[in-house]
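Quick one: structure below, then a few questions.
The first chain written gets the first letter, and so on, giving A, B, C, D and E; residue counts start at 1 in each chain.
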Amino acid sequence: MYHKTQREGFQCEGSQCEQALLETGSPVDEARQGVLDQLVSWMRKRSLFVLAYGTGCGAIEMRPLMTSRFDAERFGIIGAATPRQADVLVISGYLAIKTLKRVIRSYEQMQEPKYVIALGSCTINGGMYWDSYNTVKQVDRYLPVDIFINGCMPRPEALIEGFVALQERIARGEKGGFHRYRENIDWYKANQRRVLGDQMPPAYTYDWYHAGGAA
Amino acid sequence: MTMPLTPVWFIALPLLLAFASPLWVRLRLLMPLLVGTPAALLALALGLLPAVRTAPLLETIVIAPPLGIHLQLDSASWLLVALINFAGVVVGAFLWLGETEPYLRERRAFILILLLIAGCNGMVLTGDLFNLYVFLEIAGVSAYALSALRRDAPALEAGLKYLIIGSVAAIFFLFAVVLIYLQTGNLSLAAVARGFSEIPGPMQMLIGLLMLIGLGIKTELFPFNFWVPDIYQGSHPAVASLYSGILVKAFLFVLFHLVFLFLADPGVAGAWLMGLGAITMLVAETVALRQEDLRRMLAYSSLGQIGLITLALGFGVESTTAGGLFHMVNHTLVKLLLFLTAAILLRSFVSARIADFAGAGRARPLAGALFVLGALAVMGLPPLSGFASKLWILKGFAEAGVFWPVALILLAALIEAGYYFRWIKVLYEPRTEVAIEPSEGRWAYLPIGVVAGLIVLLGVAPFLVDDLFIEGARSLLDRTATLVAVLGAGS
Amino acid sequence: MHAILDSLAMIGVSYIMGFLFYGFYRQLNARVQRRWGPSIWQNFFDNMKFFFKSETLVHGPMFFFGPMIIMAGAFTTVLFVPFLKDSNWLQGYSQYGNLILIIYLLVVGPLGNALAVGSSGNPFGVMGVTRGLTRLMGLEVPFFLGLGLVMLQHETTSVHAIMAAQDGLAHWGIVTNPIAFCVILLPFIASQNGSPFDVVGAPVEVYAGPRVEFGGRLLGVLMTQNMMMSIAKLVLVTDLFLGGATNILVLILKAFALFVLTTAVSMVFPRLRTEQAVDFFWKVPLGLGVLGVILTVWLPWSA
Amino acid sequence: MSLILKLFFFAVSLSPTALLMGWDGHLTWTLLDGVGLSLTLTPLAAFFLLLLALAAPLVALPMLRRPADWPSLALYAALLAGMQLLLLAGDFVSFFIGWEIMTWSSYLLLLRSPRTEMATSQSYILFNLASAFLLLAGIMVFYGLTGSFDIRPLVGPTQPQQLALALLFGLAFLIKVGTLPLHIWVPRSYDEAPDIFSAFLSAAISKMGVYGMILLLTLFPEALTGLYGRLLNGPAAGYLLAWVGVITAIVATYKAISQEDMKRLLAYSSIAQVGYITTAVGVGSSLALGGALYLALVHTLVKLLLFISVAGIVLQTGQRRFNDLGRLIERMPISFFGVLIGIIGLAGMPPLPGFAAKYLVFVSLVDARWLLLLAAMILSSTAAFIYCYKLIYAPFLGHANSAGAREAKEAPWPYLVPQVILMALLFGLGVFPGFAIEVLIDPVLTALRMAPLGGSSWAVLTTAYGGYDGVVLMSVFVTAFVLVTGLFLLLRGRMRRAGSPYDLSYAGEVPTEETPLHYGAGMGRELRRIPLVGWILRHSSQGFYLGLTRQMRAAAGLLGGFYAGNPQTWILLAVVVFAVVLGLQAVTGGI
Amino acid sequence: MLSFLDEPRVLHGIYVLGSLTLFFIGLYGLLAKRHLLKILISIAVMELAVYLLFIGLATSPGETAPILSDGLQGFVGMADPVPQALTLTAIVIGLAVLGLGISLAVQYHRLTGKADVAGLTELKDV
């Protein structure tokens, strides 16, 4: 149930592309099937550095993950201090518009391959903030989410399950969300601009993608 | 008509020419003669040098025996005479070429300067106590008048102050002369010297004290020198250069001449003078630290150097005495340089306050450079002449194993650096708004340049002249030789 | 040829030892905290993952060369530390160096990297570098004083000679010169970026410190050199105080023992602020060092 | 005309080189009765002449840039003449003459800078003249003892005599090198001097103090040991000197860290470096003196390089404070490398010769068993890393903080040529640490009747305590570097250039030009919280000298009161003196 | 009855006392009076005291003035001529100085309206 507003519109360049995006699964990357690639995927799977972005109440659920009780480190999951070092961005809960800018900025600063996990109902459809004027309802429109973990809030066990699911995807060599972001950068940027207006973060990544992405 | 070239010309010539001044005004020869007279005397001195080096020249102009004027030109007094006349040439040339203030280029100034030179020459040459008093007064009166020549309030004030203190000094000196005559019945220096030891001790003491105060005021020693900065400040710098360069040197010479001649053992008096010299030096250098007026600063610096010379001469050892005489010469050169440069700067910048001199060295590079050279020389920095003489003095003390004067001299030099370099820094202050006017009287730099050249030359090659100073020191110190020369071997 | 093989072997050994030791450290840490902890290979995985990141951000040439310099410094350090005594192998170029050179080589790389940090333009990184340098300033004093005691004891700066002098347990440095060992122990932990003194890279306080801008493959390089450098230091201390080793197993054993000792200290103390750490070094280890100097040099019965 | 003059001036600046190559005689010049100058070139002096020969033309080159400041050039020529006289001196008089010419000409050069303040110039000249006059006093004592000005060892001096000499000469030279309580003239003058001339001040002129100190050692029969015997394994008198040096180094290092101005930082770093040299001289063994000479050589090269680079930066940006610079690496790459090599040498990092020098000093301290000194020296030399880093970070890295820094261009070639030459020299000496030992230092040590350090080849630095091989070290490092870079580039994956300098990981924030991103001046500020460092930074000896100045001025005012009166006061004073003396004489029974 | 006054010792004693008194009067005036002319007069008085002392002590009772007039060919029974000659010279010089001093003082007064020695404050330490 969406609350449509002028600011957060669905009137993008055509609902086809939007629909296509939503239906696109995560096909296995055709190019990456060699032994080395499998090995690399396996390494990636075993080592996930998490940039936990405490956007909402989900932040409180992130902490126990690292403690003795849940011990995410046994999966190779460990916190990273800066986006440059992180592999996974965890959006923990509802995303205010003010926060969105920072989240986009952080996401764009991460080095590929990078993944996004979104926690809770709020990131899926706004959840209890469905009619808030300043909360992003559907994170997927602004950032390519790989895994949604539903619940309000999801317990750490659920979080671990989500991480394991992500690890399996990585191990399978599926294309991550960052591919989607790269290929549909114009769409994402348009969505972002619609919400953020002149508060848009710098267009470094946009320029980079458009320049062909080669150093 | 052949005129014998005798020392009497040193006194007679300037006097004669001075009193014939109306003639020179008419002939427009005033300025050339102002330079020419001392120049001629300098030439005469140089001509007499070979003779003086073999034996002192004695001359007695008999009025009626035993009355007469005794003149005595030995190696020591030759140095002073040459120095006095050289300074006369330089200052005269500066006044002539430098387009200085008109009152210094008139007849009055001409007379007074020549009288001053004559008086100084006379003081140095005379072998007679009373003549000494007379020449002292001649020099004194001309100096008072020279100070007041500008006739504005500061100049008159300087003249008056100088006159009062100078007269008091002369009275004390005269008192001493009277006492000496009453005790010994003689006025001839040599004769007095022979009989001086027979005067009872307390009377010797009294005479000594009177003499010390009389000459102490004139030679600017510490507790008697408070008048100096005022006079130097009130007078034209060129005149002040004569005071510092000629007058004080002549008095200093007289003081030590008397001390070394009268006293068979100058040890005690020498120690007193050394003490006074040291105090003079330290006090003057310290006070100079605060001076904001260029002329006063130079005055205090003069005092400090006088103290140094007194300290060196008072020690009474050949090497310090030679060094002291050398330093006298150097100090005269340096003070000529500094005061004349100050005159140039004062003309351009009107005020003598330190604040008004900011950037003067950049606006007047040549004057600035000359001032720096003079300052370096006066502090005794090599390779300038001040260093050579200071080294000589220090070496004398070190040879004798007496180190406290070494320490004091070096301390004083350090304090001296404290204010001289302050002035140098101000001279080269970056200041853009210094108006660079076209400099008039470029020729004024000529005599100063000559002095500067001499300072450098004497600093680099003092060996050219060091014999003169050694001989001078010997003749100053060697009492018996003088007595024998004047009074005959039998005395 | 031998030299090349030997060098490669040293680099390999130090790398393997490095990630295994750190893997062990993480395991042990987890067990102390009643967790399972990651696998002992976890550091290797992390390292490899970074090496195979498909994107690496650079801020300019200096930013790129910094990690290269630090890596080259790590290689050089490793090659100048003799791993074994009485052996042809694992010697590297150690006979061309000496103890003081090694101590300085340990700093060359980090300073090169500090340039890269600076050129990134991130103030947090530079702040971290400054903290690192400050800590270095604090720890080097007692550390070097301890080494000075050792150099004095053996009258040489050659690590080979010092190792050779320690034949038999009774002649081990830790026995003959226990004060020196005590003096260097805590600074040694700090130089390993061990726990009470690890404020340099503290994520919460300075946002990861010097590494704030490094990601991808460059971070991989930094991790690698860190592990190798640690091993080089461990081996060095083993050489100086534990009598060196004649074969690789003994070496690993001794180094591991030392590692466990430092780990034990690391795990139980909370983090100190930089100035606290420096002050601590200048009071406790340095005081101990001064005591050592008085005992070994100043007192009349000492040589 | 101006070109010819410039060429002439450049030729003058090459005169130390010519002297070094061509001098093989003995020249005498009589000054006064019994005082003559005799000029010879001893190996020790030749070493320092070499330093001068290195510094003179390299400093002259940037000085010749248009528009030439002719007075500066003339003064520089006088300065060079004075320093050569000082080095050639076979007797103390010429030594002193050279010393003084150096003092005043450098002072006048200092005044050519528009930034020089009164306090600076006064402290410069007063301290240096105090040094000169102490020297002269020492010379006089020496003359009193030996009856000659020739520089030669004393024969059978008593201990008080030795002490007097050591104190006078020692203080003179310590002022010149600027050790601790006597250093306050250094930072100000190095900072405010003309930018290029600072290089010469730090590189060449301060070395003359070092020359003096080593010369002083040769005056005594057993150098420092003869003075108060031995302490542990070194001279007891030297122990004091060494502590003076080390404390100087420590304090100056911390002061350097807290500076916000490039040149002042370099000035304090000079003080610190010369502190090391003082320490080494204090140890006095052959190893230590070798180390001292080596340090002097390296410091000359490094400070020339750094000051010239910094002068280039100041010239091009018009800024000299760390806060106002930044990110010049892209605009002034050669200067960047100059400063980089410079700080590596300054910090004593292995591939460069700074390490060799420090190594010798460390080993000599171990040899003398002065371990506490060793620790203190390590404290200073590791703390030096901080200011070294600051020196390269703040101007070249980080973010440009002023218009000048944003629009700067590379320094002109007269600044770059010396930098390149110096870099090459430093690099060469670093690869061949034994070269300096064998060719430059051993002859000096032999001449001082000390054991030469020797070495099997130029690549090796050898001591009894072990040594290292510069060539192997360098080749290993370079190979490793090439290998690592090559392997890295073999890895697959994209390199991505940051979109802008502000593309920073900044807690999700977006920094802009206005964000205070540059950490230049603040660097090291937190060091104040360390008790010892805080104590050092809070204290200064400046207050003492200010107090002294105040007291002098007060005394001047007091005494000046005498001169302020009117004629009656003066006469009264004279009469009172007269009466008092007379009365005293009467009381003591004279009359 | 007053013939004891003719004894040289007594007479000389009186001269000494008298001239010293005069000298101190002059000194007092010099130190205590503030008018420029009074100061100059005091100086003249001091000088006078010295002349008197000189002449007085150099002359014994009964000696005649040392004037070589007709018939007198030698200095017999005359006072020592030297002090007389010297004093004459000194008086001339003193007169010159005094004249110069008074002219300066008068000029100074005309220029500034001041005649107070304590008012000479144009030149001083700054």
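Just a few scattered comments:
As a working rule, a contact is a pair of C-beta atoms (placed from the backbone, for glycine too) under 8 Å apart; a residue touches a chain by one contact, two chains touch by 3 or more.
Note that the coordinates shown come from a computational prediction; the quantities given were computed from them, not determined experimentally.
Contact with both subunit C and subunit E is made by D. Distance from subunit E peaks, on a Cα-centroid basis, for A. Pairwise, the chains sharing the most contacting C-beta pairs are C-D.
Ranked by how close its C-alpha mean sits to the mean of all protein C-alpha atoms, the top chain is D.
Distance between subunit B and subunit E, defined via averaged C-alpha coordinates, is recorded as 29 Å.
The geometric centre of subunit B is 78 Å away from that of subunit C, both derived from CA atoms. If you average the Cα atoms of subunit A and of subunit C, the two centres end up 38 Å apart.
A separation of 59 Å divides the Cα centre of subunit A from that of subunit D.
Multi-chain contact residues, meaning those touching two or more other chains, occur in subunit E at positions 30, 39, 117, 120, 124-125. Counting only residues that touch two or more partner chains, subunit C has 52-58, 207, 212-213, 216. Taken residue by residue, subunit D touches two or more other chains at 494-498, 502-503, 505, 507, 560, 563, 566-567, 571, whereas all remaining positions touch fewer. Chains touching one another form the pairs A-C, A-D, B-D, B-E, C-D, D-E. Considering their complex, residues 27, 30-31, 34, 39, 117-118, 120-121, 124-125 of subunit E touch subunit D.
Within the complex, the subunit D residues that touch subunit A are 494-500, 502-503, 505, 507-510. For subunit A in complex with subunit C, the touching residues are 40, 43-44, 46-47, 49, 68, 71, 73-76, 78-85, 87, 109-113, 215.
Within the complex, the subunit E residues that touch subunit B are 30, 36, 39-40, 43, 46-47, 50, 53-54, 57-58, 80-83, 85-86, 89-90, 93, 96-97, 100-101, 104-105, 107-108, 111-112, 117, 120, 122-126. Listing the residues of subunit B that touch subunit D in their complex gives 161, 164-165, 168, 201-202, 205-206, 209-210, 213, 216-217, 223-224, 226-230, 283, 286-290, 319, 322, 365, 372, 376, 379, 381-383, 387-388, 391-392, 394-395, 397-399, 401, 403, 406-407, 410-411, 413-415, 417-418, 421-422, 424-426, 428, 430, 461-463, 466-467, 470.
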